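Read through the structure below, which is laid out as structure tokens, and then see the notes.
When the chains are written out, they are named A, B, C, D and E in that same order, and each has its own residue count from 1.
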Amino acid sequence: GCGNGTDKKANSEANTTEKKVVRVAFTNYYVPYDFVNQAGEPDGFEVQVMKEVEKLLPQYQFKFEPTSDDDLLIGVESGKYDVGIKGVWQTEARKTKFIFPKNNIAASVIGLTFRKSDADKIKDMDSFAKIGGKLVPIAPQNAQYAVVEDYNKKHPDTPIKLLPSESFQVADAYTWVLEGRYDAFFDIELAYKNNVVNDKGTYHKFNDQLAYVRYNAIPTYPIFNKKDQEFADAYDKAIEQLTQSGKIKELEQKYFGEDLLQLVKK
Amino acid sequence: MELNYDFMVQTFPAILKGIPVTLEITLVSLLVAAPVSFFMALIRIYQVNILRQLVRVYVSFIRGTPMVLQILVVYSLLPSLLNYLIKSLGWAFNVFEIDPAWYAYVVFTLNTIALLSEVFRSALLSVNEGQIEAGLSVGMTLPQVYRRIIIPQAMVAALPNLCNLAVNLIKNTSLAFLMTVKDITATGKIAASYGYNYIEAYVDVFVVYLILCTLVQLLFSFAEKQVGAFRQLKYN
Amino acid sequence: MLRLTGIHKDFNGNPVLKGIDIAVEKGDVVVILGPSGSGKTTLLRCINFLEQASSGEMIFDDLRLQLNKVSATDKRNVRKKTAFVFQNYNLFNNKTALENVTEGLIIGRGVPKNQAIEIGKAMLDRVGLSDRYQYYPSQLSGGQQQRVGIARALAVQPEVILFDEPTASLDPELVGDVLEVMKNMAREGMTMIVATHEMQFAREVANHVIFMEGGNIIEEGPPEQIFFKPKVERTKSFLSRILKSTA
Amino acid sequence: MLRLTGIHKDFNGNPVLKGIDIAVEKGDVVVILGPSGSGKTTLLRCINFLEQASSGEMIFDDLRLQLNKVSATDKRNVRKKTAFVFQNYNLFNNKTALENVTEGLIIGRGVPKNQAIEIGKAMLDRVGLSDRYQYYPSQLSGGQQQRVGIARALAVQPEVILFDEPTASLDPELVGDVLEVMKNMAREGMTMIVATHEMQFAREVANHVIFMEGGNIIEEGPPEQIFFKPKVERTKSFLSRILKSTA
Amino acid sequence: MRPFDPLFIIEVIPDLLPYLWVTLAVVVGSVVLGTLFGFVLAAAKLSSRRLYRLLGDGYTCVIRCTPAVILLFIVFYGLPKFFLEVFDYDINEFNKMFFVIITFTLLFAASISEVIRSAYLAIDKGQYEAAVSVGLTPLQAFYRIVLPQGTIIALPNFTNSFITLLKEGALAYTIGLIDLLGAGNLIIARNYGSYALEIYLALSAIYWGMAILFEKALFGLESRLSRYKKTRSA
């Protein structure tokens, strides 16, 4: 069957001294949440949280597997991986495929980057939607795509024009907004801060021509294979401990420089 | 793990809508590339000075560089540059209104030209020199000899490779999704994204390709039989 | 009508033709004899520009050409007035016997299709292939292919035909038939240059014989002289066998 | 040693061989005559399994084969004892003249390379090609190619050689040379089956003559009988021309 | 205009080069295995046995219909399951390169078998006949006589497939195997999407360099094998 991962666990359970191996798939290119660092090691906020979780769960041994979004989703669904982290938003449809734990692992702050000259017209998502501005296309497997889709479901009268496209992994979007090809770019805040606001950023010279408005902070979850309920529960307990001990906050400061989780609307 | 069959059935018609896009890019690329690459093949066969060098560099460059870069240049940088030029000339034309399908045509045609020119070159070389001589000796011009004698014979060697190329092109048009052009694979990905029904979507996509590419391959093998009628089969 | 002077040809420095002069008048049948490898084929190919001579001059009707640099139009003009029967046939592989014959008529000379087919059939009939119109070269025997090659050349009614061993694969009966056809054509004023090993045939068809060896013309003259009173020792010894058997 | 009975062959329903029986003894030189298209090449090809006969039996030494279903090993065994000289030469395009000759020795029969090269050179010398060892087929004249083909077949010293028009492109001198070589080989016990149009040659080389037409054997017998006292009218008329000229 | 830092192109190359061997291993592995399998397939398709032809044609048709990503997933997920169920052997932990090479071998074989088949058919049958008539086995006749001549016709198409594979191999990142292109993408991601053009240019330089080397070698082989041919003149 698909759950050969669990078969293996069953074997190792008999042997009490041996730890259960869980395979944690994480996406490669989602800085600063999940990525492979210069040294070739798993890194990122979500990855670090998972490493802390591992420390609190002596019965498990984590094995981190960097991979693509596509493989992560198929792999967790089929049981090749036990957990996947890639900044997943929770939706009802997804719950039929995966186990979502009670506690989120991180939060993603996203918003709109646009030309400063449009600052009088674009104040938030709603005003952007109203003027019918053009949004830089988003890859459908990206988290942002689902957010906009969700927004459109909630605002059927003034939907945002959402154009899907495979993503380049390229910051050309800023150029596209500047030259008027598109009116706004829906992205995570950190990218904007690092590229434009940060005075070492490559797009810093456009700092006075671009503007950013925050849309929302959305909780992101690890996804578990349907057979891993037990593990998901263990995860929940560990996260609660980590939150209380302040470890999460510490990591947030390290990776984001601020308390993102607080922004999440409960 | 269990598959969401309802999703598969519901999504299938949506994915079918990607077929015209895929076929359009494939056909445009092949049709535009065919004459160009044929002449490039001739340039290399007859070793025309300078031009031969140019062709070699072109083929090598297009074949040797990742398509992502080519798309980045053609789809992202080129329009920016054009926009800059047009704006500074004070014209009213908006480059960004151009249908991205055009960029896809350009990128895939450029690639097809490079690959096809080599297919043609090898096919033309497989025809015996004596056939040209015979054609010339009965008063045909060289272009006539090529059209009537050489190309029909070369087609026999070219068709299987042309089929490879066509089928690969059909599959590779999925890269056009980088330019927001929604082919078969792209429609599948879009459909899959909301509920993370990737496995189901890929199965659908696979079925569509299976049908489409099988038809194309049948067409080619039929054509090969027709074109190769003069040749005795070699099964022994 | 056709005059060649000083034809030289070498392959990568190896001389194969070392200064050939030939003059041919309308209706002449010139036969070129000579041992294998003496340059007969190369000479014929140079005349039709299938091989580029290193030097030499050609005067064809009122056209005067330097053989080492012939323009594409001049080539085409000469080729329109000539035809070639290849030693290895070189039939169009993708065309039936009939199409092989009509191709030059329809495409090369713009003869209407119906008319071309009629001519084509008549030509194939003449070489005894009335039951092979629709066969592809790969389905024909050696002799049949050779005859299609002859029919193809005759069909375009050129001023000059260059024959390279036209009867090598033919049986004596067919050699006789081809001989007949060629004689008729010569009578009608067609000019022919024929490279052959078939002495019998050469003797009957030729009105001028050239004997080549090692890229040179060793001896030439009317057939009676070459066959029965050769002046050069080499010619004599070359012909000795055939002379012996017919003597 | 080689006995063929009831060979039939058709191409897409058109019969080309209609029941051929031949018996050949060691050292025999059997010549097959017949008009172009009569099935000579097809017959030889069937004997070497290059064409699959529709029916017929072959007894080769102590091997007994049904020609319409021959196993790969039987094919190979027979081919090891035979060689073929092709009407259109079929030289290996990618090999030099010498390599064409040595290939069958080195690869086919496992002769050491040095020895094979020696044999190859000797064979090429015998057919007058001592100055063409390193030429590729595309650089050879028709007659030279034909001679390489002959040398290639002779080199492997087979029990039986199948010659398909071995002298078509050769001049009389070379025909004489080849004749000489073949006679020697026959004397040494090599068996040969020769399809040819060259009557002169046939007469001198044959000890048994078969006359074919339309896929049938019309007449057969010793050369004196076939050439000078043919019983069948058709044979007579076929040979009339050559007889006329030699009479 | 977008920011552009040409120096970065050169600076990034040392970060990319360590992944070159992954790309090369995938390509060379797949090409070698795929070519061998391609010969088998071509032989099946040219066989006189109907069954072999059917199998060869069927395989080629289906695999050519399959997008590389999908085949990669089928192999990556299907093969371990197959091994586990049939041999009770877990290959899930095998190096990912193993699955990538298997995938591209299967793909490459399908298209290369057509390259081989068409080249084989373009060689005059008489060449084979002459070879067996002097006592070569059909196999010897094939590799001594037909293959060298067919290679000339096959090489341009072979090079097409080869170099296409060189780039297509980057698909390996889909199952998390980082090759040259994957490494580039990682660097882009670490820079929040900046320097993409520079990195792609650096990558292209490396890919093109490799392509030129392979082209040179294969075209050299083509010219060498073509020695016996006359060059065509107008």
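Remarks
Heads up, the rule we're going with is that a contact is a pair of C-beta atoms (placed from the backbone, for glycine too) under 8 Å apart; a residue touches a chain by one contact, two chains touch by 3 or more.
Computed from a predicted model, the values in this text were never measured in an experiment.
The chains that touch both chain C and chain D are none; no such chain exists. Counting only chains that touch, the fewest steps needed to get from chain C to chain E is 2. Number of steps on the shortest path from chain A to chain B, with steps defined by chain touch: 1.
The chain with its C-alpha centre at the largest distance from the centre of chain C is A.
Ranking B-C and A-E by contacting C-beta pairs places A-E first. Chain centres here are Cα means. That of chain B falls 18 Å from that of chain E. Centre-to-centre separation of chain D and chain E, using mean CA positions: 46 Å.
As a whole-number value, the distance joining the C-alpha centres of chain A and chain D reads 81 Å. For this pair, chain B with chain D, the centres built from the Cα atoms lie 51 Å apart. Residue positions 70, 74, 78, 168, 170, 172, 175 of chain A are each in touch with at least two other chains.
The set of chain D residues touching two or more other chains comprises 88.
Multi-chain contact residues of chain B (touching two or more other chains): 68, 72, 80, 84, 202, 231-232, 236.
Every pair of chains that touch is listed here: A-B, A-E, B-C, B-E, C-D, D-E. Of all residues in chain A, only 2-3, 70, 73-74, 77-79, 91, 93-94, 96-98, 137, 140-141, 145-146, 149, 163-168, 170, 172, 175-176, 179-181, 226 touch chain B in the complex they form. Within the complex formed with chain C, the chain B residues making contact are 128, 130-131, 133-141, 144, 148-149, 152-153, 229-232.
Residue ranges on chain C touching chain D, taken from their complex, read 11, 33-37, 40-42, 87-88, 128, 139-144, 147, 164-165, 168-176, 197, 199-200, 238-239, 241-242, 245-246. Taken together, the chain E residues at the contact with chain A in this complex read 1-3, 5, 15, 69, 73, 76-77, 80-81, 84, 90, 92, 173-176, 178, 182, 185-186, 188-197.
Residue ranges of chain A in contact with chain E, taken from their complex: 4, 8, 25, 28-31, 35-38, 65-68, 70-71, 74-75, 78, 80, 168-175, 190-191, 194-195, 201-203, 205.
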